[in-house]
Every structure is written in C-alpha cells, then in structure tokens.
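Two complexes are shown next, each including subunit A; its partner changes from subunit B in the first to subunit C in the second.
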Partner chain A sequence: MAVTAVAGVGARPTPRLRRLEDERWLAMALLFPTALLLGLFIAYPFIEGVLLSLTSQRVGIPGKWVGLDNFVKVWNDSIFRTSVWNTFWYTAVTTVFKLALGLWLALLLNRHFRGKAIVRAFILLPFIIPTVLSTFAWKWMFDPTFSVINWALFHMGIITQRINWLGDPDLAMTSIIVVNIWRGVPFFAISLLAGLQTISPELNEAAAIDGARPWKRFWYVTWPLLLPVTMVVMLFSVIQTFADFQLVYVMTGGGPANATHLFATYAYQIGIGTGLLSEGAAISLAMFPFLFLIVVVQLLYIRRVETR
Partner chain B sequence: MIEGALWRKWVFYNIPLILFVFVLLFPFYWMIITTFRPDGELYRPWNAVNYMPFWTNNPTLEHIKYLFEETNFGRWMMNTMFIATISTLISLFCGVLAGYALARLNFPYAGSLGTVIFVTYLVPQTLLFIPLAQIIRNFELGDTPWSLILTYPTFLIPFCTWLMMGYFKAIPKELEECARIDGASRWKAMVYIIIPVAVPGILSSGIIAFTLSWNEFIYALVFLSSPDQKTVPVGVTSELIRGDVFFWGPLMAGALLGSIPVAIVYSFFVEHYVSGLTGSVKG
Partner chain C sequence: MAHTKRRSVIKLAGSAAAVASTGMAGILASGRTPAFAQQKTVHWLKWVDFVPATDQMFNKEMMPAAEKALGIKIKLETVNGNDLQPRITSGIQSGAGPDIIMSFNSYTHLYANSVVDLSDLAEDVGKREGGLYKYARAICSDGKMFMGMPWAVIGGMIAYRKSWLDEVGATKFPDTWEGYRDVAKKLKAKGRPFGQTLGHTFGDAPGFTYPYLWSWGGKEVEADGKTVVINTKDTVESVKFMQGLWKDGMDEGGLAWDDTNNNRAFLSQTISATLNGASIYIETLRKPDQYQTASGKPMNTDILHAPLPKGPAGQFGFHLLQSNMIMKYSKNQDAAKEFLKYLHTEANYRKFFESQKGFATPCTAKWETDKLWDVDPVMTPYKVAAKLGQAPGFAGPPNAKAQEGLSKYIITDMYAKAVQGMPAEEAVKWAETELKKVYT
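Let's turn to the complex of A and B:
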C-alpha cells in the first residue's frame, strides 16, 4: 500500500515485520496459536476418538479393529437406551422450564425499582458458583434423613412421611431436573433481560394506545423481537444440558440402579470406571450426531435472521 | 407507564420476584449455615422435635479446621487458582489475536474460519474426554497441572475469540486508518491503538474464562489422580466422601470456601461479567 511508502518517519521495518504488513501473513500469524491448541486438543482427539471407538481397547490392553461392534453392542444395551431416553427427557423438560421461568424473571426485572442492580447481581450466583459445589448443597438438601425440603413440606401439611428424593428412580430424575433448572434460569433471565432492554418502549406504548391488552402486546410486539436472542440462548443451553455430566455425577452418580444416567455419565462409568475405553468412547461419540444436528439447525436459523 | 393499584404491584411483581430470589439463593444460605453447624445438630433427623433448620445457637469452626488440617484443601485452592489463572491468560492471548484477525483483516476463508471457531465453541468437554485422556498420557502430562492448563483453552479460546470479535467489530475502522497514515505498521496499530480500546472486552472475557475454568470438572476428574494435584471441585468430591459416608460439615465448608474466589472476582466486575455474558449471546 502507498501508505507505508509515504511513511518514512519511523524506522524502516525489518523484513520479518514487513511481511506482517500483508494482511494474509498477519492473519496467519495471529491465528497460529489458536489453530495449534485447537488442532492439538480438539481435532486430534476427535479423530483419535473415532478410531478408538472402532477398536476393542481396554485399560492396559491394546485393542484390535472391530469395526462398528462397539456401537452395535451399545445399542443393544438396555442401560444405554435408558440413558438416551433420560438425556432427551432431561434436555426437553429443563429447557422448557428454564425458558418459561427465565422469561418471567426477565420481565419482572425489566422495570425500575430500588435495589435492581443488587438483585440482578445476586440472582446470577447459581450460574457463577462452580456447579459441583452448589450441587452438593442440593444433595444435602435432598438427603432423605436430614432434608430441609421434607421438613418444609411436612410443616406446610403437604406430606405426612419422608420422601426419599434420590432413592427412587423417577423422583431422582425429577430432583436432578429441578437442580438444572435452578442453575440455568439466571442465565436465561439475564440474557433475555438484555434482549428486552434493546426493545424500544415506544413500540409497546404505541400498541397500548391502539388498545392492545398486555398479553397481546407481549405476544405480538415483545416476543417476536426477542426471538433471535432466545434462539441463541436456547442453543447454548440445549447443548450444555444435553452433554451434562457434573450434576448427575454428584447427585446420583447415575443411580439408583443406573436409572438416571445421561450419555456423559454412562460413558464415564464404562470408559473410566470399568476401563472399557473403546466402548466409553463410542458412547460419548453417540452424542455427536444429535449435537451436530442441533448446531446445524441453529446456525441456519441464525443466518436466516441475520440476512432478513 | 401508568402503574396500577398497589396490591396489583405486589401480587404481580414484588411477591414473585421475592420468591425467585429466595429459591435462587436458599442453597447458598444452606451451605453457609451447614458450615458453621456442629455435628451434633447437623445429624438430627428432619422430623426430630428439636430440628432447627434456619439457625444455630452453637456456631463452630470445626468443619473449616478439619478441611485445612485433615485434607489438602489449601493445596487444592492453590492448584485451582494457578490453573485457572494461567489457562485464562493463554486463552486471552490467543483469543484477542484471533478475534482481531477474524474481525478486522481481509483474507481468504475468513468467514468460514469464524464459523469453525463458533462450532468449536459448542463442542462439549464430555464428547472428547476419553481420547483426550489418552493423548494427555502419551504427552506425559497426566497428573500435572499442565494437563488442564493446556486443555482448558480448548473451550475458553473459542469463547474469548467470539466475544472479542464482537468488540473489535464495534471499533470504527478510521481509528486504525489514522494510525496507519501517521506511519504505524499494522502490528503497531493493533497493539497500541486497537487493543487498548478493547480493554473492557478483554476484561469481560477474562473474568468469564476464569469462572469457567474454576467450574470445569470432568477433565480435572479424569486427568488428575494424586490427592495433592487436585482442583477444588474434584478434591471435594473424591476426598470428603469415603465409600457411602458423606462428611457433610467439611463438604459444605469446602463448597463455601471454594466458591469464594469466584464470588469475589464476580462481585468486583459484575457489570463486565454481565456485558460479556450478554455479548456472547448476541454474537
């Protein structure tokens, strides 16, 4: 470019630096550290994982090629099927509740009141505090003998005897869902609140003057404008929930009787716990098609919104 | 806006909001009260007559003492702090450079590289932990902090890059062009003009990256094995539960103390945290 030729003020750049004047070289140099780390610890393990899932490796025993045997074996495993069902159920139920409650909380926060900044800072805590640590607090609250939740329900007259929250398969899944919703609502609320704040209040006022009732104003004015943010928030949440590990690991470890496993916890139990590395890798990779589908659908949606 | 009657305001806004705040914060209160409750009171069934859920008259420090005297808790805190700090710095370095390149330079495939970064941003750690554990072992990094310092950037860099791209795109091109006309090289314009303007973005990504690495669990669980190498979440999980016995007092004390560094960082930079979080959603 002419600019560099005119600029004789500074010292003449050394040849190496001059090469950085070319945008393409500079871009390559700037992207190199990122490409190195991501290549080494994402792309390479992904390929290794695929290869591993096609062999019969265990801890200490180098495996041989078995083709798709691991996937067939896993598919016929009733615990795996339960985990697949659990994962979908867990993701669907928590996402619906997180969206509904998060939106409600965002609407509650989207007005002026005293102490708003403090309330907003405090409600994000469940999202900030390390999940494992806060999940232990919940596990302790759900303890069958010492449960404060049982105490509260008993004194409100709702139950007459103790509830074994984590001992019964259905109740255990429900308890895990409750904790996930508790952790996720703040993220939804704060993100949706940011989305709400970009919507001009004049739009709502104009609709109000035209005689629209509050819920119609929400449905026809606020919600369509909020949809793009909502979709991105859901994308993150669905993927994180689908691939969740820590919450189930701490709350039940997949029990009672393997009834609450998700893909990730079952992969851990088989791959690390039992040492069947190849089978564990196959179970985690079984998540991939679903994750891929979710990402593609969402990327297409986002692109459509952007080009509109 | 016209406000309705006072009772409506309470029924539709204040009471639901109070309930939300109560439910969202109660587990933390429970953590705190358990930390200071003596064992005799702790293991009293919920239907006992003298079960006293919300207060204790005999606060004690025995659980915290146990944590520091009988376990490596202090060591775990140091480990986590070290790992979180270094991996955050690495990720910021890579993310800022990559974000700048993707947002402001013209080169072939810039758009598709941006998409690749976005997609890696969505790769969950649970997808790759088994092959990655083998790779870590082959590189002889197993059971060292470096196994985590080098792998945490895989989920932090895409996040930082994505966030920084947004910040860089918002800086007007003229700023850089002025510097270039005055004779600055591309590199100098980036380092001395653009990056200083993007400091709020760097701070936001740094804080979120720090909390994310403090929160990470499955890599730390799989890659580390000796008790004095562990991070807080893994140490608390594996050393305070023996078989079926949960040491609830020390466990809650560990959860409380292990949350404090994150809470402090967060409390100092709430605004940056929130703007980073919402910025990452807007893209």
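Let's turn to the complex of A and C:
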C-alpha cells in the first residue's frame, strides 16, 4: 500500500506494481525453492522408479517396456510375500512397544528430579549414534558364539544351552524388533515429552483437587491433550520403520533363509545383488500403496482429533 | 588485526593476474597441458584381503612401484567382499566409479555388457604360465570375450583340529559324508561340533552347499542351461542327510554366520572343523602366542586341511574365483589395462602370491609346482583348488542365470529351510520353483 501512496493520490498502480503486490506471486516465489528441491529429490526419483519398474532393465542393459510384468512376477514370489508379512509384523510390533515405552519414559522424564538435563541427554543416545554403528554392537551381542546375552544368562543359571538369536527365524525377527525398539524409544520419549510440557500443569492440578486419581488424570486430562502429538510421532515412526533397511541388512542380511527380509532389504537383494534393477524397483514400489494407505488413515485420524 | 589498504589489494591482484597470465602463456606456448593434469589416475576397487599382509604390501610397496613404472597415479580402495556388488551396480548405472573392480565368481557374466574385453591379456598370461585353468576360463569368459582378468582362487578346504579328531578315533579327516557325520556327532557330544554357515554370505555358505549338492548327484540345471532338474531323489536325499547332520554334529548357530564367524569360532576353540579359506591357519601362524591349544602349544601345530568329503556322485569343490574387470565407463581404460598387465608380470604377481602364503591359488598351471607349496605341508592341499573347482550353474554354464541363483542364495536357503524344520521334499520343491523363475 505504501507504494501506491508514494505514487500519488488518485494515480492507479501500474500493472507491474499490481503484480508485485499480488500475494499469490509472492507465495509462489517463496515456495519455489522448496518445490524445486521436492521435485528434484523426491518426485523425479519416484517417477524414474515407476518407469524403471515397467521395463526389463538389468544392470548395464537398458531393457524394454514390459508393462506390469514385474509386479505380476513379484506377486507370485514366495519370498516377496514373506517380506510383506515381515514388514507389517515388524512395523506393528515395534510401533506398539515404542509408543508404550516412549510414553512411559516421557512421563517419568516430565517429573522433577536431580540431574534431569543429563538424563534427558543420555536418553537420546541410541537415536544419535549412527544406526550402522549401534547395530554392529547389537550384532555382536546376538552373536551365535560370543553373545554377551547368552554368557550372562548362562552364568546366572537361566539357560544351559546357547540361544541361537540370529539363526532361528523367529528369534532373528525378535532380535531385530528389539533393536528397532531400542533405537526408536528415545524419539518417542523426547517428542512426547515436548508434548507433555505444553500441557498446562493447572489442568492436572484442578483435576487432582476434584479428586481424580493419577490414572484418571492421565486418561482424561493428559492423554487427550497429548493425542495430536502422539499421532504425528507415530506417523513419522511408521513411515521410517516400514521402509527400514540398515538394521536388517547389518544384523541378518535378510536371513536365515529369508526369514527377516523386509521390503527394502529384499528390493536391495534383487536390484543390487542380482542386478535385476526393474524387479527391485517393483518391489520397492509395492511398498508405496501400503504406506500411502497407512499415512492417509493416520492423517485423517489426526485431523479428526485436532478438530474435535 | 592488520588493516588492508586499498592500494595493497590492487597490488596483490595485479601480481596475481601477472602470474596467471604468464602461466597461461607458458602453457599455450608449449601446446601441452600442465604435467599435473596429464597424470592419469587408475582407481582399483578390491576386497579387503583376508590376509592383511597382502594389502599392506600393495599399499607400501607395489602401488608406489607401479606409479613410478607406469607414470600414473593409483588409488587402491578396499571394501568388504559383500559390498563389491553394490559398488559395481552404482558404477555402471551412474557411469562413474572405479576403473578396475574385483569380481567374485560369475559377476563377470552378470556385468558382461558393461566391461572391457581382456582376451589378449588373459590369453597372453595363460600362454606364458602354462595355460589358464578350465575353471577360470569358464567363469571369466563367455567364449567370445574375457569379461574379467582371472586373478586368483580362494580355495575352500576344511580346517580341522587334528588332536581333537584323534581323541574320537579319527586319525585322518573322514572322506565320506557318513564318516563326516559320525565324527561330527562324537565331537559335538564333547562340546566341539563342526561349524558351517548356512547364512546369506558370499563365500563359505555356497562354498559348502554347492559341492555338497553335487556330491549327492544333485544339480540345478541340465547342460542346456535351461531345464531345471533340482527336484530329484538325489537332492531330497542330500537335504534329509543335512537335516540329521545339522542336529547331530553341527554348531546350530551357523545359520546366522557370515564369512568371518567360523574363523572366530574356530580360533576361540568352540568348533573343531569348518570349511574355510586358509585364513584361520594363516592367522594362527601370524599370532602363535595368542592362539594356543589347551596344552599350551601353538594352535597352528594342531591344524590340518582336507577337502570336502565325497558323496554317492563324487567329490567336488567350489572355490571363490576372483578376477578384475575394467569397466566400460572408465575414461582410463588403457592405463587400467597397463596396470593389470603390470600386476600380472611374473615378478609382481609372485609378490602377491608369496604374501598370500597359499591362501590364494593362481589361475594358471605354472604355479602349481611352485616351491611355495613345499614350504608348509599344511597348505599343500590348496595348490589344486583352482584346478578342481566347479562353478554354480552346473551342469549348465556359469552364466548370468547361474550367478542370479547364487546371488539369491537359493541352494543355501534350501538347506537352511530344511534344517529349520521344513520337510525335505518341500524345501527342494521351493528351490525348484525359485530356480525355474531364474531360468525361464
């Protein structure tokens, strides 16, 4: 408006000035860098991936258009089906535990005690250490021969024989789930703690004065107010866990006998290990509809919670 | 902080411009690019050698000498064997990466379209050194070109504790699978089982399962390289036998082992025998004080090597064959070839061969009679590894399909599934379905 004032009373703004004043242009200009980055690093690889999955490309061989053949092939693949089941199981179990333990930890950390800052910093350690590094440490702890867990259990008289952590299909799955939970709890704890701190203590105090017991105070006061944050944290966690790669790759490589393959590790084995790039891309993309559905459901739920 | 004056800045800029312009004039006058830009760099990506002395020798001695002799710069990079394939793939797809990459087994066939023909070099070396072994030729060449220059074979033999076998009455290593199971059972009862990986790992797992399958008369395909014939009575028998063997005589942790676990288990004396390259024995030679038997003797005096036992259909071995591929995307193909030629001169290759102390067996006949094999009788069984090896994909050619089957761990997983409780017939059926997907 200042511009038109300077231009003189009664003078109509030139079209160029009017365009500059138009907020839609400004919004577009400001959004452009983000849109460019998203386009370059998300949309472009995604479209490339889709195109790749529709050809018969192998490493070093361009291949030709095959339509949905790769998806049909993948659908009839028993290892792929195992991977789908594994991924859902892995995501569901870890998310439940991460939420429960993370919430518990957040509630504890929200209390006042000495050395609170240091404890909070330490809690974040599993999240800060590079995944590959910490997973290698876990791999050693679950080592078939030198497992420190076995050693401890044996010396406490709990077991008489070694537990084959990564060699038994069910135990291998359990092991990677444990490591994922260990790594993911701090993220939940710290995010939920941030959420807890936005809740006014007066609400809890008022409920206490009205005679609400701690559990009731949590259930009727804290939890409903924390729910939007919890849902967002869960959304992030589900996306990350569903597409997890490094942890399984380092711990088991998808073994024993494909018992721990997830979408990402199987796509890697087929695409990189065997050179069937297009099939690998199809496996990766198969993750997309599942993930899309989960995300949409969660986002709708978040909206409902927020507008309640 | 010192003040910067306008005048000094102008002076500095002027002198910089003067230097730059005479430099440029000099370059233009000579008509040549400056020396530093002329020097080519050859980037060689290979595995981290299981014999550390070799990589040390390469870094300290051979690479500097090659740089001097060839007038090029050499960048040697080593990675875990399991990580070679992702590097090859990303190199080919992005069109940039190492000039020379080490290949394991039939990667050569898998990446045939993206590598340079090395026939002249391979044939030259073969002619000079008494002929290339059939095994090396089959893996590195498709009959039209050499996709890789055969480098060495990492022989797989069973390393075993002589005194422990003696204790259960086995004066020599059993040469049949029945004998193997019998001895393993007795030793497992004493808390010293045999150890073997059935995990997803490049070396020891297929090194055991393929020859085991062949020795029972099982094979993936017919000689036509198309007809899948895994589902036979012989294969089912082999799977059933493995189920019993696993329970009776093997360390059951082996399902999760990679190529290094059995080394550690053997060296820490929890297993009495395992199929391996010679790296276990070489490690005990290197550190005799660290690795000792219960009676305080160096462990290396208690280790011997033996080939895998024979089955109803014979005795087989599958040994890791390494070759070096020059990538088509490389801008330094000539320099890379010169460098490979340099590595394969007799004097230079000998340095490598001797540093390995028998861990790597050369791919040409000449070295079979080398005096190195007489130095240590414990290593002697390895000298024929390259001669006797058979490649995955048998009875078909070791082509890209065979490599696909290998990379998917189909044969290894067939046994792994069975020892985890899947009925033998079902495990074989599963392998048949998977192999058919590969071969059709």
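Heads up, the rule we're going with is that the second predicted complex is superposed on the first by the 264 of 308 C-alpha atoms of A that agree within 3 Å, B and C clash if a C-alpha of one lies under 4 Å from a C-alpha of the other, contacts with A are read in each partner's own complex, and residues count from 1 in each chain.
Please note the rule applied: a residue touches a chain if its C-beta (ideal position, glycine included) is under 8 Å from a C-beta of that chain, and two chains touch if they have at least 3 such contacts.
Please read these numbers as outputs of a predicted model, since none were measured by experiment.
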First (subunit B), second (subunit C), both or neither touched by A:289: neither
First, second, both or neither for A:145, with subunit B first and subunit C second: both
Which superposed partner A:78 touches (first subunit B, second subunit C, both, neither): second
First (subunit B), second (subunit C), both or neither touched by A:115: neither
First, second, both or neither for A:164, with subunit B first and subunit C second: second
Touching partner for A:45 - first (subunit B), second (subunit C), both, neither: first
Superposed model, subunit A: greater residue contact from subunit B or subunit C: B
Which superposed partner A:34 touches (first subunit B, second subunit C, both, neither): first
Interface residues of subunit A shared between complexes with subunit B and subunit C: 143, 145-146, 162, 271-272, 277
In the complex, subunit A residues that touch subunit B: 3-4, 7-10, 13, 17, 20-21, 23-24, 26-28, 30-31, 33-34, 37-38, 41-42, 44-46, 48-49, 52, 101, 104-105, 108-109, 111, 113, 117, 119-126, 128-134, 136-138, 140-141, 143, 145-148, 150-152, 154, 162, 182, 185-187, 190-191, 194, 201, 205, 229, 232-233, 235-236, 239-240, 242-246, 249-250, 263-264, 267-268, 271-272, 277, 280-281, 284-285, 287-288, 291, 295, 299, 302
Partner subunit C, residues of subunit A touching it in the complex: 59-61, 73, 77-79, 143-146, 162, 164-169, 172, 252-258, 269-277
Touching residues on subunit B, where the partner in the complex is subunit A: 1, 13, 16-17, 20-21, 23-25, 27-28, 30-31, 34, 42-47, 51, 53, 90, 93-95, 97-98, 100-102, 105-108, 110, 113, 115, 117-120, 122-135, 150-151, 153-154, 157-158, 161, 180-187, 211, 214-215, 217-218, 222, 232-233, 236-237, 246, 248, 251-252, 254-255, 258-259, 262-263, 266-267, 270, 273-274, 277-278, 281-283
In the complex, subunit C residues that touch subunit A: 82, 85-86, 88-89, 92-93, 110-114, 198-201, 251-258, 261, 264-265, 268, 270, 400, 403-404, 407-409, 413, 416-417, 420, 430, 433-434, 437
